[in-house]
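Down below are the structures I want you to see.
Common to both upcoming complexes is subunit A, partnered first by subunit B, then by subunit C.
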Partner chain A sequence: MAEVLLEHVGKKFGKVVAVDDFNLTIYHDEFMVFVGPSGCGKTTTLRMIAGLEEITSGDIAIEGRRVNNVPPKDRDIAMVFQNYALYPHMTVYQNMAFGLKLKKVAQQEIDKRVRQTAEMLGILGLLKRKPKELSGGQRQRVALGRAIVRIPKVYLFDEPLSNLDAKLRVQMRLELKKLHKKMGTTSIYVTHDQIEAMTMGDRIAVMKDGRIQQVGEPLQIYMHPINRFVASFIGSPTMNFLDVHVVKKGEGYHVESKGFSLPVPEEKKRAIAPYEGKEVILGVRPEDLSEGGENRGAGTLKAHVEVVQPVGNQIYVDVKVGAHNLLAAVPPQSLVKTMEEMALNPRLDNLHYFDPKSELAIA
Partner chain B sequence: MKSGQSVGFLQRKGVLGFLFTVPADAILLLLLAYPFVLGIWLSFTNTIIGRTGSFVGLENYIDLFHSDVFWLTAFNTVVYTVGAVFFKLILGLGLAILLNRDFKGKGLMRAIVLLPWIVPTALSTIAFWWIFDSNFSCISWLFMKLGIMHAPINFLGSTVNARISVIIVNIWRGIPFFTIGLLAGLQTINHTLYEAADIDGATPWIKFKSITLPLLMPLLSVITTFSIIWTFADFQLIWIMTRGGPDNATHIFGTFSFQRAIAGGHLGEGAAISAFIFPVLFICVLITSKYLKREN
Partner chain C sequence: MRQKRKEKFFRFYLPLALFLIFLLFPFYWMFATTFKSDMELYNLKLNPFLIHHWSLLNLKHLFFQTPFLRWLANTFFVAITSTIISLSASLLAAYGIQRIRFKGSSLMGIGIFFCYLVPPTILFIPLATMVFKLRIWDSLWALSLIYPTFLIPFCTWLLMGYFNSIPKELEECAMMDGASRLWIFWRVIVPLSLPGILSAGIFAFTLSWNEYLYALTFISTSLKKTVSVGLVTELVRGDVYHWGPLMAGALFGSVPVALVYSFFVEYYVAGMTGALKE
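So, the complex of A and B:
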């Protein structure tokens, strides 16, 4: 039932600006993901919301109440730490009950809630163990359980899955998502893994250097990245960027470079017009380069295959087009071979154009 | 295999390992066990310096049991140990917690705390001797100047004052051991535990009680045991300050034994006195190791 509001929030550590003019509303019941490279201020922002870090400027409000000077325990939040932070000398049960005891919840109620939560997380059999007798995945569940039993207004997660192996991580992602569906509590989730962000977030806030770059639903950000950074950070493998020239051809425009010339789609015409005769950056996602057996017309690129990397569901192909190095992701059935020529057809509607100076998307 | 037999013997479990430790065992035996056994043997004799004694059985012990000074010494030793260790623990822990906080100049403060430990005991004790001097004490001087008192305090001349004085000096000298040891322990406690507790709604006192203390307990018990051992078997500090006086009020086993054995020449009796130190220390170590085993 809680909305979290951040207005012009800033944090400085001495001279280091960790978070700068952070504006965001996290809606009630929403699963919001903060994603960005290491050191971009995700943890700091989360800790400011938790009250573990004082804010240098701006305001934070939870459920309409300004909490700038409210201590963590009175913010009604629960946090799952990256290193779990389980109390090592307490059993799983005691770990989960600790916060409730301090809140003076009746013993019976504590017992009921701990058991219910433990059952939901599949750790009912572990209640008597100490953290050091648990596997990484089990500890993770206990850490989640400790947060869940509290029934707070807001959950804060700081890279809770980063210590798990790949398989367990995928499984826990799903469980967290289910849990959120079931409980519907406002959640803020920090990760540096864009796939995790894409799969889990109702909305994503992409951050860089302490600033929000773009906020939106996962697919919206994937389809319409606002600048070159977001375009390169979201999506895997990373988008290809090419320096190209805009030229007018008949009624429309083309972007050209040595070795190819691609028509700009009708709906981008207005936006690209001012760049006629100038340079822009062309962004092509590897998955938007499909293999074309025969020449399909204006947009086909003649590519020289340099490296072939099968990853199972796809084959990554490093190619050279003119003077540019590109990565293409083609279906596993493809018969591409190193040192051979191949034809690549970019999906023209999915191409991105960026201003070379501001690096903002041209749209 | 020709040499099968000798190789087999050396490879038998533990044999080679035992052989490797023989030199170390021999040194330990020579340096620790020999004086220990000699001491026990002496306590059953009436040896006097300069004359080989003869076996007298439990006579020395029976004499001690009938000696008021011996019982006073036993009492003093317990008071000295309990009093000093208790305050060293409390103050050392408190100081460690303070120094564990983040503040400007904490490096310097940590260095300063070590001072009582770095200065040789003989030297610092002499300084305290002067501080507690019946005529020239700076404390008395200060209080008299402030008009709080009119005559100097007789620190080392009265039984109660003398006991308190030696305990204070022992506390002063022993705090660094607790502080530095516990500070190291505090720094191994994961900082996020306190943040998790903050969010769980813990007050500073609850954080201390429910996180710091239990996690520090194993180290705390080891440090306390060591301190008990050293304090119980102390000698230097008291010998320099009071020589066990006034009126035997500050004699502890170490000083009393030394006085009887070396100063008084009665080696047998002195040995019997110091023999009382062993069982107490042994029990101490036993309790701690039992506790540590259970914790693991």
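So, the complex of A and C:
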């Protein structure tokens, strides 16, 4: 049971706080993804788990054993680095056998395991080559292979796909996921790409400025972001944010701004009540704005189309509603044209409300 | 097309040719003087740039009337021992300073650099005392031990730069695989730094080969001299310059260095740029 436990973990580089009060349990066999913008402390956290970086405060435990002062070689962890870190003077075979040799595994066993892994990754034909004779994708596989042959307790991946082109990245994403299904080893995967995070993670930890913002399953985070940062970071294209006013209308509440007024759904009523007469931030995902006929009811927005960007499976439409600029994602069949008027129907149940000061979700 | 070639001629080949002539002329002069007889050498009516009658008398003088071969052997011994000593010390020092970031490691790096800046003319007085106390005065070992005082700082700095170009992740990955520092050093760092080590070695070798001041100060027996000192002290008698043998000695003394360079020139360039290409 390789469970990784981080309790109040912190890291300072001099005065720079890289990671602050990091609390997380990564369960046995789980595929955990750390996601966040550049410089938020993902790599640092990973390196602390690996033992490559001393921790300033807190505790890290692997399999129930506190490892704060355990050197990397005794943690039984394998890491795939962003630049792959293959040994340039060794062949692919030697690269993969390196760790096993150090562990004094029998030569026959080494050979068997290297070949098996190479076959699984489709690099059997490359075993005799040196890293400089490989393409980026092949190097990436070798780096993976070198980690896999060792059969460690935990895998750490630091943006292993970021050097690949978009197509290969999608393919490798899938293969990594399959590989994890097959081997089921606890894995921690770092990325700044939210799509990678969504598609690969059993759970995601969204980070910002060295702190965890939210931990949860991908869809849960997408549906219920805990604050404005998570809401804007997860989901593509980015969520629209509008400054609106809360007003009471009859039994219920509306959020209003110049040019529109949207009813707040029943289940949010309790939460929004204290904001009556005050400002809140309304969050609308582009995909929750659907094209609708005129006057479909309370929620319809009158929008002026400014820019139309077809991306294939969708059309991104930049519109102006009142004084606000919004982005809507509509189906490709849609006939929207620049400089025309259109009607947009927000999915009222999927709207998000945030406190303007704390930026926390109101729910 | 033509225009371009012309331009390249003036901007590249012409300056290069001038530069080459400037650099290679002393060697030609050495060569020409070596194979001229004294008669021809001192005859001002002949064209001094040409050899009119080839003569081997100067070589004979050099090889049979001076212990030139012995000097060569001495120089080899000193250059090789001091290079080995300096390289082994600087490899460890550079690795330690660059990668095991102990307290004061960067200060140490700077300190070593300052050692290099102290002029030998100042150092040789205290060094003389040490050489006396160690009872290695007038022995080749004196040179083998003294040359590293300026070779180690130089090699250490060169290797530090080289180690710096090797990604840290390579070592970290090995560390997670269970390798010890020493294992990493031998199996990862040293093989990867071979160009750097070679160029440091070549530099150390040439510097000790050409060294003059310490060799002059600490060696007095004729048979223990190195080439650079031997030639000057034995072939310049008072104000009489035996130009022929002197130039022959200079020529044969520089051949080994030229060979070493031409042999390792590729590594040397790679070592200087310090780039590690995957």
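The working rule: the second predicted complex is superposed on the first by the 363 of 363 C-alpha atoms of A that agree within 3 Å, B and C clash if a C-alpha of one lies under 4 Å from a C-alpha of the other, contacts with A are read in each partner's own complex, and residues count from 1 in each chain.
By definition in this document, contacts are C-beta pairs under 8 Å (C-beta built on N, C-alpha and C of every residue); 3 or more make two chains touch, one makes a residue touch a chain.
Bear in mind the structure is a predicted one, so any value in this text is a computation, not a measurement.
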Clash or fit (per the criteria above) of subunit B with subunit C on subunit A: clash
Touching partner for A:343 - first (subunit B), second (subunit C), both, neither: neither
Partner chain(s) touched by A:103 [first = subunit B, second = subunit C, both, neither]: both
First (subunit B), second (subunit C), both or neither touched by A:17: neither
Contacts of A:308 with subunit B and subunit C, given as first, second, both or neither: neither
Touched partner set for A:132, first subunit B, second subunit C, both or neither: second
Partner chain in contact with A:85 - subunit B first, subunit C second, else both or neither: both
First, second, both or neither for A:168, with subunit B first and subunit C second: neither
Touching both subunit C and subunit B, counted on subunit A across the two superposed complexes: 50-52, 71-73, 77-79, 81, 83, 85, 87-89, 98-99, 102-103, 146, 150
Residues of subunit B defined as touching subunit A within the complex: 190, 192-193, 195-202, 206, 210-211, 214-215
Residues of subunit A defined as touching subunit B within the complex: 50-52, 71-73, 77-79, 81, 83, 85, 87-89, 98-99, 102-103, 146, 150
Residue ranges of subunit C touching subunit A (in the complex, touch as defined): 167, 169-170, 172-180, 183, 188, 191-192, 276-278
Interfacial residue positions of subunit A with respect to subunit C in the complex: 50-52, 71-73, 75, 77-79, 81, 83, 85-89, 98-99, 102-103, 131-132, 146, 150
